[in-house]
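First the structure, in the form of structure tokens, and then the observations on it.
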């Protein structure tokens, strides 16, 4: 069985040999996974499947068994038990190397603000794939570290700004998970210094009283992070759309950002809308009308599996081709990096092939757009060539 | 012309011979229908089509003429007048028997809280089909009967609980139409006893004053029904999405239930999201992340006719395969039971066939998922084997 | 290269020779366009594409290069520079005539309330195409003219009513852009005379103070325009869904009109939901359940280009076939009139052809529905035969 990602039928040729830039992903688990651990990473649910059922019975589960099994020298559609047994037999290291190097991803932009201690670092992730990595710094994670290390209400904003500048170092961009913490329907104006101080006092006071791990949820503080982040001038990624059971999905519609996009357009800072599903058409509208907005359908591609070509095609309706990016949003399982890339190649390549066959797109245009979406847009926006 | 539902082209083979469980439907009109009566049941509109137009000019109308006409020994695409004349000639009883027995549905879960007096009972419906039936008890209907029989504000809640327990008898589950009465964006917390008493006083006071048929609309009371219903431990169906002109469709997005699903997850009571269209992708998200959530696209399958394969395929994106169910939501017309089943077989079978042909799904997996969606998930969740 | 719109592959035959009625469009720019001017009309963005990118890299840009280039005697897929140079060489007049006459549109209903001074009039537009034109009067434009000419708070409502009656003359219908000005989630009840006077006083006072061009944005006044417009008894078009960066797209969901549709159903005035994307399924629901509601997917067809068949098919799910209409929403570029028609023929014709091939629709039904959607529904609703 070939380990070429283009081995997925229907990919056409426009994606052939194209080394992708994954502009949003995470590391992989370096240790071996039992069935519960594997299933937990193969769903966005925070709980196990009901008794008698399995997360393998999903589009993602079927795609893993179909497309990843052969890379572990199993038959396509190998059963879950066989798959997991083989994974243990080979060991996490070999599996990760095999899947990541087959993904055809040359550059990984890695969000280091989520479960970083359990996952491979950007450098380790890239090494497994034989590629390069750049960091994406999560705003909320930096703020929570500032709180954990000790700050005061009046100094919080400056302490955060300083910590962010330091953390950003040579990071490629920033990321906001305001969608998870307060929804995207937040006040689009910047909070005043006084508002931030009062909100910081409430938050830090609770932390002192309770001794809990800091979790930043106050919309005033989350807005402060965003407006501070804008000053760095680097692209800001936003979680939008589908995620785990912590989100109120209807408050993660990227359209809720419309006012904030108007308010911040003048800064020229690129805004990267991640995932977007099932609001990817709405995201396409934002990408067309706001010059600073970019979109991907990462996460949804993996989880919709055999339906991902439809999702990818829908994301290419209003989105100008200089505004669409590839990502996997893979986390924990190298299967997700591999599949995210393979399914994207298949989905984009298949759509392009149909449009070429129908005489609608020229081959030259399709190849140019494949390169834009595959890595050139990311290179331009994140300055990866520099 | 064959009466086999699999006669629809594109059904592939995975649905062949599979006896379905329709986990949400109603009875059929036992009496003959004139054109106005038939058209009224072939649309979700509460009013006739504009002058010079006909409800037959719709996806559902075309599907009836195409797929049901041959079962009445007419040519495919028979005109509306011919179809209705033949229907009258054969008589409602023969038509109902012919269509219902051709549907290939073995078990019907019948909502008895809507127009029950005009429609066949669960037992009658099942008898026409040669199958079995179980009842689904509509919470609001029971509450309105309690009000009609006489209750008092302080005793309403207990009277309802008692009536529900009695009505539930050996019913397979409960159903809420809160979507119709107050929208799904209700307060997810349980109302206090005092709040329920006050709300009952307002409602019962209006009934006494006005003498109208009781119609329960107060969100406090509707929440009380739900929290009381939870105590029975049986699956609760929710109308979500598309319905008639009484709904505010944007308030029927199942995502509005997110808070309530979080609040009630611990009870373990299965929540069955019905219809969902055009929010079936959002419903799929809920089914993936909440262990107790299940979805169908009944109603939409019939009304989208030749487009139903697309809707069915979309509903199979995020929904784990142990969480998707078949239903028709047929009401009044046996055409809807027959078509709902036939179109579902075609839509699911066709999608599976494409994925098998593309090497993405194995035949064994497809057959297993067909059985899950067709009847096994319903059997497990409603305890139908017991 | 044939100039027949049916030259697009996949159109099937049901659309052949069908002269369309474009029930919502604008005029074209009569003067030559440089690259910036052309790109600005080929997007809904209010700003140029980011440095190094082009609006030609979009589904619309690719469709123009593919389908319009041959009408200017260029090869399909001609480059943007070649296309624009050829356009200048031929001159705007020749280009407009060539594209408009190739569109196969017999009747144009032209919105004259937007950039009228820069665009061809209805008569000029029709003359270029060898067809006929009728006017659509934009409510807000008339109200702004009333303010500019001078009115008073107590007389505003009557002055508007009089101006509207005069402006409406033999117009085919009216149009509201409340979606742009306050969103569609406005109070569905009519404002009182006192409310209107107070709102007019605020608006007119600001105009006097500031000397700015009148722009009507107050929801009270916008509602007054609608309720006044209803009295003329002619169809009222609503912008819904996708538009430029001025809209809050989530407030342009046509479902927000549900209350207003209920409140005004009794008037019998047809309500024409324009564009609707990405809420065209929601619009289909409204068209099915409210007898006075009609829908199109103009604008979205052009901008989704090679994806437009999917959008058109989705719009034909719940919408009864006597409720769907063709439009282009073309503005400025004759390319948009031509493509809007050609892509619609291809999208509708292709869907019908697939359903005929699958035995789901009869050829006779498909031809009848093509005529309904192509021009008969418009003729009936707007009284164009009269």
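To keep things simple, chains are lettered A, B and C as they appear, and every chain counts its residues starting from 1.
As a convention for this text, a contact is a pair of C-beta atoms (placed from the backbone, for glycine too) under 8 Å apart; a residue touches a chain by one contact, two chains touch by 3 or more.
Everything numeric in this text was worked out from a predicted model, so none of it was measured.
Shared numbers divided by all numbers used gives the overlap of an interface; between chain A and chain B this overlap falls below half, so the copies present different residues. A turn of 120° superposes the CA atoms of chain B on those of chain C, with the angle given to the nearest 5. Per-chain CA centroids place chain A at a distance of 37 Å from chain B. Counting partner chains per residue, chain A shows two or more touched chains at no residue at all. Taken in their complex, chain B has these residues touching chain A: 253, 255-256, 258-259, 262, 265, 281-282, 285, 288-292, 313-314, 316-322, 355, 358-362, 364-365, 369, 372, 380. Touching chain C in their complex are the following residues of chain B: 9-10, 43-50, 52-55, 57-59, 62-63, 66, 76-77, 242, 244-245, 248-250, 277-278, 300, 303-307, 310-311.
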